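Same chain, two partners: subunit A is paired with subunit B first, then with subunit C.
Presenting the complex of A and B:
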C-alpha cells in the first residue's frame, strides 16, 4: 500500500495573537511552528496504515524552505519519504494549493505508482479553507470522504466513520484509491522517539518547484475580533473561596 | 439571485441552514437581489414552510431516484454545480456545517471556482469582499473573492436565524440527472447518539480541566462536581494528547464548541485555540494558581490557587448547600 499525507506549516500561537503592523501576518517573532492537530492525526494514520498493510508513506507540504521542519517531524514518527513543494513563503489560496498538490501527485505516481490513500486535514489550522482535500480528489478523479474519525482498509475498500449531523456516527465506504480528510480524535498520535528523530534528520527531502496560477481568494488584511479583555472579580485564594463559588453557582442558577 | 443550499433532516431545515438564509437576506437587501433555496431529496419539500417563514420565497428540490437515497457528498455537490449553471445565481451560500462545507467544496471543485469558508460578512460589488474566520474564529480576514459566481459558507452563529413574515416557499422541482458514479460515496450506516448522557456541546455547566489537573485520576473531582451540577466534563488538548481523557471531551478549535451558562475552567491557561471553543459560554469561572494566566482576561470570576485543594472544598460546600 502507498499512502500520501499532506500537512501545512502554521505558527504556534499561544494565549494571545499579535499582528504585524501592516496587519498582513501573525507576528511570529516569538512563536514556534507546527501543523494542525487534524494533520498530526493524519500523519499518525498514515504510519498505522503502513504498519498494518506494508508499503510506504510519503509526507508532502507546500510552503517555504523552513517547512522542511514539519516534514522532518512526520519522518520522525515513522513516515518513509518527504516532498517539499517549495514556495517563497507568500500565501497560496486553497484552489492553487490543491492544483499544485494534484500536479505533484501525478508526478510522484508516475514514478512510484498510485497512492491508495491520500490523507489531508479536514481544514488547515490557520486559514480554515475546508476544501483542499476535496479539490485534489476532484482533480485526480478519486472519491473523497471528509471529517474521518475512524478509518479501516479492507480488500481495496476504505471504511470511514465520522460524526453524523445531530450526533451519532455515520459510516461511508469508498473504493481505493481514495482521498480522506481527517479530524483530530481519529487516533492518539505517538511522540517521536530519539532514534526516530535521528533517522529523520538523515533522510532526503525531495524538492519540487510548483507552478503557481495566482490566488482567487486574496487576503487584504487580518483583524482581531473585538470583545476581549474583561476584568475578572477575584473570589479569593485557595479552598477558602469555596463558599464564594457556591454563591456564584447560585447566582447563575446552576445550583 | 442569491442561492442558499439547505440541509434538512427530512422534517425541516437545520439551524445552520436557517442562519445561512438570514445571512442571505442581509446580502439580498444590500444588493437588491432575490433569495432562493436549493435542497436535495423529495423529503426536503417539508422544509418549504419554514424556509418561507425565513424569507425564502422559492425552494428548488432535486429529487427522485438515487437523490432520495440519503446523503451522498459528491452527488449533492454535482446538484449544486448544475444549479449554479442553470439557475444563474450571483452568490451561493452554504451552511457552515460539516456537510455544508463538504458539498460547497465539491461544487467549487467541479466548477473550478474559488470558495470562501466561514464568512461572517460580505460586501457584494467589484471587488467582492468577504470577512471570514481564520484560526477557528480567533482571527478575522478581509479578503477579495474572485469568480463569476461567489461561493461562500456562512460561519456558524455569525448571524442569528430569524423568522420574518413570509408564506410557504413555492417548491420547484429541479430536474437533473446525476452521473451514477457520483453516488459511489454514500452513508451506508448510521448509529444514533448515546441517550441519557449530558452532551458536552449542550451542557448547561461544563467543568473543564487542563494540564494543571495532573493526570487521569485528577479528573475524578471534576467529574464529581459536574455530576452534582448536572453538567459535563471538558478538557484542553494537552489532556487529550496525554491520553488522560477521550478526544470527545476536548473543548476548542479542533474539539467541541460549548455554550453553557457557566464554564468552570480549572488548570487551563487559555490558549486562543481553547478559547474559541468556549466563546459561547455565558459566564466563566477560572481556577488557576497563576493569576496572570491568559484565561483570566476572559473570566468573570477567578479563584487563585491549587485546583487540587480548591475543588474538593467546592464539592463539599455544594453538598452542604444542598443539605
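Presenting the complex of A and C:
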C-alpha cells in the first residue's frame, strides 16, 4: 500500500495574535511552527495504515525551505519519505497549491506507482480554505471524502466514517485510489521518540521546484477579531478557593 | 487589592530572587515592602517558572559555592529541598583530571562528602546509564532538587505574616522616577508608589527595567534548551519528584534527570542563542510563557545522540515520546557572574539579577543585608553590579562575552583562561612597542597587558633551570618560563612594566583631607609628596579595598587602585563624598598612563633621562615628585609592588610612547628588559608576600588576620574604626601565612605546580578549619624564582600558623608536602626591604 499525506507549515498559536505592519501576515516573531491538528491526525493515520497493511508512506508539503522541519516531524513519527515543493515562502492560493500538488503526485506516481490514499487535513490552520484536498482529488479524477473521523482499508476499498451534518455518522465506501481529508479526533497522534527524531534527521528530503500558475485570489488585508487577551484570575487562596474552582470546572463541563 | 501609595522599598519581580529579597528584608525588620510582578503568582512567567530546579554544589569559584550552600540551607529550612545526589560524569581523561580538581575545590570550600566514582559505581547509583560511555564520575550526595515556586510562595507568606509585605501581582512597572540621582517613585499600570529604594529582580527583563531609571544592568537573555521525554516504563514505580541522582554529561554540555515518570534532558551545547530583552514577548503574546520560547529542533537535535549513547534504555525506547520541549530563557553576563548591589548610576536602585535558582535565596539574603547595613555576610564583590567599566556595559561587549561564555557552562576552564572575543578595547600608549617585542597579552578590565614578552626568550638560556620550568601541560597553560626569566632579570638589572590598567581618581577641594581621612585606615594628613599604601574598611571593619594614595597638594589627593577594582572602589568613594560638595572625585584613569621602572639599575636609568635629583636623599622611598623626563612632565612615585628600587611613572597618556622610548634607550646600556604582569602580579609580589585584593583581601578577612594591622591606629575617625579597634583586641581566627612546596613530585612522577585555590590540609589529609568555620585554601600561588621555591599564601588557623609547620596541599588528587615559611607579614625575599629603600 502507498499512502501520501500532505501538510502545511503554519505558525503555532496560543498567545495573542498580532499582524505585520502591512496587515498581510500574522506576526510570527514569537511563534514556533507546526501543522494543523487535522494534519497531525492525517500523518498518524498514514503511519497506522502502513503499520497495518505494509507498504510505504510519503509526506509532502508546499512551502518555504524551512518547511523541511514539518516534513521531518512527520518522518520522526514513522512516515517513510518526504517531498518538499519548495517556494519562496509567499502564500499560494488554493488553486495554485492544488495544481502543484496534483502535478507532483503525477510525477511521483510515474516513478513509484500510484498512491492508494492521499490524506489531507480537513483545512489548514491558518487560511482555513477547505479547498486543497478537494481540488487535488478533482485534478486527479479521484473520489474524495472530506471531514473523515474514521478510516479503514479493506480489499481495495476504503471505509470512511464522517460526521453527518446535524449529528449522526455517515459511513462511506470509496474505491482506491482516493483522497481523504481528515478531521482532528480521528486518532490520538503519537509523540516522536528520540530514535525516531534521530532517524528523521538522517532521511533524505526530495525537493521539487513547483511551477506557479499565478494567483487568482488576492489578499487585501487581515483583520484581527476583537477579543480578550489571556488573563489570569485569582480564584482564591488555599482551601477557600475550592468552591470557586469546582464552579469553574462545572461551567467548562469537566465535572 | 489596592496598591500602597508609599513604600520603604519596592521589589520588582516575583521569581525566586524577588521573593528572597522581600523575605530577607522582612526578616531584617523592614516594613512597608511592596513586591510586584507583571504576571500572576505563583508563576509570573519568568525563568523561575521553567527552571530545572536542581542544585549542584561545587564550583571552583568560592563566592558562588558559598552562596549556593547558603541557598541550599535556606531551601531546606523552607522544606522544599529533595536530596537526590548528583554525578558529573567524565567521557575523557582530561575530564577525569578536572573531576579531581572539583574534589579539591569541594575541600577548599567545605562541601562534603564528595567522591570520585568508577563507571561501575556510577552504574550502581544510576542503573540506566551506559557505563561503557564514561570513565568515571564526581559524586556529591548533597545535590538535590528544589521547588522554587513553592519556596517563593512560602517566602511571600512569611513576609505577609510579619506584617511587612504587600504583594501585587499583575502589576507592571512602566517607569522609575529619579530626582537628584536618587530613586523617588515607581510608576506602574495600577498607580504610582513613592519610595526611596527599588530592587530590580526581573531576571531577563532587568536591563529594560533599569533603563527606565537611567541605569544599566549588563545581562543578556539567552536560550537554554530542554526536552522532557516520557512516560518512561523504567520509572513506572518511582514515587515523587526524584529518586535517582542527576547526571551532568559535562563533556557534552548536557544534563539528564529523572523527574517523576519523565526524563529531562537539558543542553548548553547548542550555538549561543541570545535574545534582546526588548524582543521577549509579553505575557499575552507568549504561546507558553514569555520565557518559554518555541523550541528550535535544529539546534537541539544533534545532541540527542549523546543522550542516546549515555541512556540507551530510556532515550532509545521507541515508546518514550518527546512531550515537552522549550527554548527556555536564562540570563547571561559578560563574565558569568551575577549582578548584585546598588547601581552606580542611581542611588537607591538595586540590581539583584542574573541569578539562577541554585543561588536565589543566597543572593536574596546578600542583597537584603547589603541594603540594610552595607555589610553582607558573604563577600559579593565578584558579583557587584558596580564592577563594570562603561565599555563592559555596552551591548556589544555583553553579547560577545555571553556568547563566548555560554558553551563554557560545563567547560574545563583554566583559571588563567583568556577571553578571545572583544579584545583590543583599551590599549596603552606602549602597545605598539610591546607588540614589536612579542608581548603575549592578557586582558584586565579591557586593557591589553603584556603577560610576558617573546623577545625575552633569549633570557631562558641565561637563567637555565632557575626559571623553574613546568612539565605538566595544565600547569604551563597560559604560562611561560619567560615570566620567571623576566623576574630574574628585573632583580638582577632593571625592568620596565606597563601599568596603565591602574584606575586613577583625583580627590580635590577644601574637604579633600577630611574626606580621605575618613575613608582610609592610614593617616592622610601627611606631607605633600608622600605616598601611602592603605586599606579601606566598611562599617563592620571588613576589608573593602586596598590602594595607594599620593598627596599631591594640600587639597589634592591621587588614588591609584587595581584596574579590576576601579569601578567598585570609585563607587565606594563617590558614595561617601560630603553632601556639601567640599570634596570632588574625578576619574582620571583615561588621562594617565603608567610605567613601572624597577631593579637595582633603575636609578641609573632614570638619572640618565632627567635633570632632577633622584638620589635616595632627594627622592626617598614612599614619596612622589614631578620629574622632567626628556621633555615629558611626569609624576614619579617611589613605591614598589615587586620589592625593588624604582618608580611608578605617570605621564599624560598621549606622551606615553615618548616616555617609553626614552627610558628604553637609557636602559639599554643597563640591560633593561620589558617585564610582564606575570612578574608584577605574581612572582615578584609573592616573593614579597604582598597581598592582593580578591585573593587575600576581601570582606571575609580582617586586617589583623591579613597581617596588615599597623602598630598604631590613627586618632582621626574613619569608616570601620570601631570594629577595627575591637578586632585588634581579639585573637585572630586565622593568620595569613606564606608556605613553600617541599616536593613537587606527583604520584605519576611528574613535577606539578599549584595555581591557587587548592585546599591546605594536614600532612595526613585532614582539612584545616578556623574557629569561624573557614577552610584553609591557597589564596595565591606562583613561582618564586629568586628564592627557588614555589610560593603559596594561605590563611591558617593560629595553631597551624607556625613557621616550620608541616602541612600538605591537594592538587589533582595528590597531596604535596608544604611548609609554613612565614607566619604573618614578612617578605620571603629581602625581608628587610633593603633593595626598595636603596
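Rule of thumb we're sticking to: the second predicted complex is superposed on the first by the 226 of 255 C-alpha atoms of A that agree within 3 Å, B and C clash if a C-alpha of one lies under 4 Å from a C-alpha of the other, contacts with A are read in each partner's own complex, and residues count from 1 in each chain.
In the analysis below, a residue touches a chain if its C-beta (ideal position, glycine included) is under 8 Å from a C-beta of that chain, and two chains touch if they have at least 3 such contacts.
Just so we're clear, the structure is a prediction, and the values are computed from it rather than from any experiment.
Once the two complexes are laid over each other on the shared chain, residue contacts for A:145 go to subunit B alone; subunit C is not touched. Look at A:15: by the touch rule set out above, it reaches both subunit B and subunit C.
Looking at the shared chain after the overlay, A:29 reaches subunit C, while subunit B stays out of its contact range. Of the two partner chains, subunit B is the only one that A:216 touches; subunit C does not reach it. In the overlay built on the shared chain, the residue A:234 is in contact with subunit B and with subunit C. Set against each other, subunit B and subunit C touch different numbers of residues in subunit A, with B touching more. In the superposition on chain A, A:199 makes contact with neither subunit B nor subunit C. With both structures placed on the common chain, the touch criterion links A:128 to subunit B but leaves subunit C unconnected. Counting contacts as defined above, subunit A residues 13-16, 229-230, 232, 234 meet subunit B in one complex and subunit C in the other.
Listed in rising order, the residues of subunit C touching subunit A in the complex are 39-41, 169-170, 229, 279, 281-288, 293-295, 297-298, 301, 304-305, 307-308, 315-323.
Across the interface of their complex, subunit B is touched by residues 13-17, 26, 36-38, 93-95, 98, 123, 125-131, 134-135, 137-139, 143-147, 162-175, 183-185, 188-189, 216-225, 228-230, 232-246, 248-250, 252-255 of subunit A. For subunit A in complex with subunit C, the touching residues are 12-16, 18, 29-33, 69, 72, 190-198, 201, 229-230, 232, 234. Residues of subunit B touching subunit A in their complex: 7, 9, 14, 71, 73-74, 97-99, 101-102, 104-106, 108-110, 112-118, 129, 131, 133-147, 153, 184-193, 199, 204-205, 229-231, 237, 240-241, 243, 246-248, 250, 253-255, 261-262, 269-273, 282-283, 285-286, 291, 293-306, 309-310, 312-314, 316-318, 321-322.
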